[in-house]
Structure formats: C-alpha cells, structure tokens
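Here the structure comes first, spelled out in structure tokens, and everything after it is commentary.
As written, the chains take the letters A, B and C, and residue 1 is the first residue of each chain.
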Amino acid sequence: MIKQMRRYESWFGAGAGICIIIGLYMGLVTSPPDYYQGEVVRIMYVHVPFANVSLLGYTVLFAGSLWYLWKGNPIVDNMSHAAAGVSAFFTAGALATGSIWAKPTWNVWWTWDARLVSFTILLLILIGYLMLRTFIEDKDKEARFAAILAIMGFVDLPIVYFSVEWWRTLHQPLSVSPRGLSISGEMLIPLIMMAVGFYLLFLYMAMVRTQMLYLEQLREAKKGRLLSQAYL
Amino acid sequence: MKFFRVIRWIAWKDLASEIRSRENISSMFFFAFIVIMIFSFSFSMDLQAAKDLMPGIIWVAFGFTGIIGLGKSFWVELQNDCLENLQISPAPKGAIYLGKLISNLIFILIVELVLFPMFVIFFNLDVLDKVHLVLLIFLLGTLGFAAVGTLFSAMTVQVRAREVMLPILLLPMVVPVMIGAVEATRGALNGDPWVLYRHWLELLIVFDIVFTVVSFWAFEWILES
Amino acid sequence: MVAIRGIQLSKAYHYYQVLKEVSFEVAEGECYALFGPNGAGKTTLLRVLATAQRPSFGRFEIMGYDGIEEKIKVREVLLFVGHGSSHYDELNAVENIRFAVAMRGGNPTDREIKITLDRVGIGAFADLRTRYYSMGMKKRLSIAKAILIRPQVLLLDEPYSSLDEGGMKMMNHYIREVTHQGAAVLLTTHDRLRSSEVADRAGVLQRGKLMEIAVKDLAAKDEIF
C-alpha cells in the first residue's frame, strides 16, 4: 500500500493544486458577491470545503480504526493516525474561517450554533486522540487505544450535535446561523471546485503523513536492531 | 453463571475496599463541597441568578467529583500488579467492566446524595415533591458519565500524564450528558410539567444505553496486554 | 503431553532485543528451573508465556493451546505468580483468596481456605488486611491462592525471594506436590541449591538465548554462567 501511495501521491497533490487554484480564481474573481453579505461571502469558498473535508476525514479515521481492530494491519493504523492529524488541521480551519466569516456578517465571533459547537467538540476529540498517541509508548497499545477512542468519538458526535441543537432552540432563538444561504448557480461551480480540491488536498496530505509515520516506525525498528546487536 | 459472579465480585471488592479505607470517597466529597462553597460565594449577591444557574452548578460539581472518583477507580489496581492480574485473568473482560461500572456508579451517587441536601439548604430550593424526579435524573446522568468514564479510566491509567488525560478525553465526550442532565434538573426543580423536559431524559437514556454497550464491547481491547 | 512449548520466541522492547528466538519444551509434571544474569530476560519470558506481553516474533503453546490465538484458554489453565503479589491491600487474606479463586470460577469453602492458610504458614494472620503483610507473608498468600486454584501450568518468578527457611521448604514441598499431580512448573531463580532439590531440568538464559544445563551441575559447579 505504501508503494502505491508513493506512486500516486503527486497526482493527488497536483490535482489538489489545480482545483484549488481554479476554484479560488473563480470564487474570488469571477463569481458575484452575495446580495446580502457582499464580498465577505467569498470566505464560504474556503469555509464550507474545510468543514466538509473535516467530517470526511473523521469518517476515514473511524473506518480506519474499525479496520485496524479487525485486521491489525499497522499501515492502516498509520493511515488512521495521519487522517486524525490532517482532520484536526481542517477542523481548525473550518472553525477559524467560520469565525472570520461570522464577525463582519453578524457581528459575533462565536455563536452557540449546533454545528459550531459540534465542530469544536470534534476538534477537542481529535486533539485528545493525538495527545493520547504521544503519551503511550507501547506501539500496539497505542494503536488499539487510539482506535477505540476514535470509534467512541464518532458514535458520540451525532448525539452531541442533536443535544446542542435541542439546547439551542430552547435558549437561543434562531437569530444567527451560517446556514440558510441561498446559492446561485454561479457560486455553486467554484464551490464544488474548491470542495473537490480540498478533498484531493486532504488525501494528498494524509498520504504524505502516512508515509512519514510509517518511515518513522521503520527507523525505530532499525535503530532497535542496530542497537541490540551492539549491546548483545 | 461465571459472568455474573465476576461482576459481583469486582463490585464487592471495590466497595469493601472503599468502605474500609474511605480515602477516595472522602476526597471526592470534600472536593465537591469546596466547589459548592466557592459557587455560593460567587453568587451570594444575586440569588435570582443563582437560582437560574443552579442546575449547571450542581452538575459541574458532580462532574468534577465524578472525574476524581473515576480516576481512582483503576488507580488502585496499579498497586501490587493487580491491573496486570486483571489483564491476564481468564474472567470475561466485559464482566470486569460492568463490575467497575457498578462500583463507580455507587460511589458517585453516594456523594451526590450527600451533596444534594446541601444544595437544597444553601440555595433554599423547593424540592420535596420532586425528589423522585431529581433522583432519577441523577441516576441517568451519572450512569452516562460513568459508562464512558470507566472505560477511559482503564485506558488512561496505562498511559503517561494519566491524571490530565482522563478529563481531556472524557469531558468532550460527555457534553450531551451534561446538557441533558442540566436541562432536566432545571425542568424538575422549576416544577415544569413533565412533557417539557421529557426529551432530555430520553436523550440521557439513549446516551446511557449506547455508551454502556459500546464501552462494554470496547473494554476487552483496553484491558488487554 | 507437552505443557509449555516455546517456538522461536523473540521479544524486543524499543531498542533491546530481550529474547532471541528462544525455543524449549516443558512436559507435564516437570519442573524447569531457569537461571540467568540480571536483565537477561527471565521475567520477560515468563510474562510472554503468561500472555501479559506479546512476543515480537515466534509462537508458544500452553497445554496445546496457541498462546496468541487462544489466549483465553491459556489463561484458564495457567497461573503466573510474579513479583507483585496482586493482592488488594484493603482486603484480608481470606477475602483476597476468595476473590482470586472466584475470578477463575472457583468457590472454596471457608474451611478449605483456613486449612490452606495454615499450610502456608499465615493461618494466624487470616483476618489481617494484607496492607500490613510483609513481603514474605504476601508470597505465602500467593502460594495459598495457587494451591486453591490448581493450575495445570504454573509460572513462578523468583519463588524463593522474601521467604525464610521454612518458607522455602514449604515452597519446594508445594512444587513437588504440584508436579506429582501432573502440573508443569517453570520457575526463575538465582538460588541454585534450593531449586536443585525440585528441578527436573534447568537452563540458563543469557543474552537472550536459552541453553539447557544439567541439574546435577547446579549444586556441584561454582558458577553456571
């Protein structure tokens, strides 16, 4: 699997680059500004892909965790670890761009919207996952525990979303929300371009990171063999 | 059947040890008590604000208590290599999980039941006719917290920085429990009609069932060599 | 039947390769004494066989069950008595034994427990919480547990440590009894004299490799590695 990754990763990287450049051009230059929000709406072209891909990444992490528990393939574990790291990056991006979008539009940096809170919880779970991984020394335990954590978090996330949604309808009437944005055809195409570009970017980054993790483990093993030969 | 015997024995062992040493429960109790005191000082000026925030304060105190109790739950197994003994034991791991869950649940509930009258006294709450509702909410909320917390406790006791990892991993996961428990408590204490906050109880029940089952399944991966 | 069979067992911790393709067999009713310098990997080997650690490479079989695929069956027939005694501090000896045996599906009567405690020499301390036990007393309690559990394979890590003269005699007596009943015993030790009284075979684990030596050499030679 690693060999295939090495062969195809540059395709993904190039594809990502192309889509994003075209998407950004279309989004920033040729597409019309929104009737209500003006130029600010252009942040949507980054924010929505960030959010979509972060959820996709988490699904990849979930699937990878299940696969690792089932088969025990360490490369699958590397993939999951990589997916978690890259997803964290995209989740943080989604939150940051969401905040930047909210301020000029609705004059708030933050709102207790169900999606925002869910994304924040998602980011916390991912950070917890990455922290857990650094604090365990035994490689096998690390992989297993991380997989369990990822699965539990994935099951939890919909419940978090619904509970915050109910809570919000109870306490805060629906005044501000990043949803409810009508999208014209001209805005849809650059959006799709950017989304596809971000997907490809995610896959590219995840593949590179997976290989990095794999090589790190390989290096540890070789170091071990060298040192043990010297010692024994 | 061996499965249920294991559950009983694990729960009995934890309870008996705790009754004799009382070290965990006393630290849980005093910590929560201090939290309540600090909150009452913060809100002593504005009793109306205090009443509105009451359910949140109650559950924050319970949450901190729960984390201390859950942390200690597997910490005690580290002495004398008892944790490794559980790892290589032929007893079904799911039964060990349920036994630990029961003892954790009981400990946290005991502390809650002692603390709640203090809340009632300090904040002049009117609860006599709603006690059974409040107790039900305590049970459902604590069960959700403990179901995930028992699993994470077993996980984090085997890693470095264990004291800080448990809250870091646990708190984001139990957000639905906190929301549901606080809203249900608020509804019950306000004397609202049942239908208004019934769905929060349903949320708690769903969370409890889902996560007890998932943690039960996941436990054998965690308590394994 | 071969009770313990190691096939090219290897274990590496990070940089060390502690066990290097260790292969050996111990038959039912046999007692095998394992020697070796400090840090040679004796405890590691025992822990791998007890399924407390996974081997990096190689396989092993306990009573015919594969150590990696059929872990639960292995754990049912095997008992590992290690350095940490895996007793619970707040329970007394009787309760500790009942717990340990119950976790394995047994149910000893009070009388049986008392008799066993007397046999190992701590009958007078039966009702004392084990937190007050000395190392030697804890060791004796571990043996009492083993007597009541009656495993088919017994792994003893330095069984003579912490024991006084009477204790060591009791240990040897127990090992003889258990091997006559058909159990296999694998023990690690530094005490050549004591172990030569019970060992049927012996070996030295040095630099990760196992080499068998003659039992009569144990007492005779000045040093064996």
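A few remarks follow.
The rule is simple: a residue touches a chain if its C-beta (ideal position, glycine included) is under 8 Å from a C-beta of that chain, and two chains touch if they have at least 3 such contacts.
These numbers come from a predicted model, not from an experiment.
Removing chain A from consideration leaves the other chains connected by touching as one piece. With centres computed as the average of Cα coordinates, no chain lies farther from chain B than C. Separation between the centroids of chain A and chain B, computed from CA atoms only, is 32 Å. Taking each chain's centre as the mean of its C-alpha atoms, chain B lies 39 Å from chain C. Between the Cα centres of chain A and chain C there is a gap of 50 Å. Annotation for chain A: residues touching 2 or more other chains are 137. Counting partners per residue, chain C has 54 as the residues that reach two or more other chains.
Residue positions of chain B with contacts to 2 or more other chains are absent. Residue ranges of chain C in contact with chain B, taken from their complex: 50-54, 72, 75-76, 80, 82-91, 95, 99, 102-105, 129, 138.
Chain contact summary for the complex, chain B toward chain C: residues 2, 5-6, 9, 13, 16-18, 20-21, 76, 79-82, 84-85, 87-91, 225.
Across the complex, chain A is touched by residues 148, 151, 155, 158-161, 165, 168-169, 172-173, 175-176, 179-180, 183, 199-200, 203, 206-207, 210-211, 214-215, 218, 221-222, 224 of chain B.
Those residues of chain A whose C-beta lies close enough to touch chain B in the complex are 69, 117, 121, 124-125, 128, 131-132, 135-137, 141, 144-145, 147-149, 151-153, 155-156, 159-160, 162-164, 166-167, 170.
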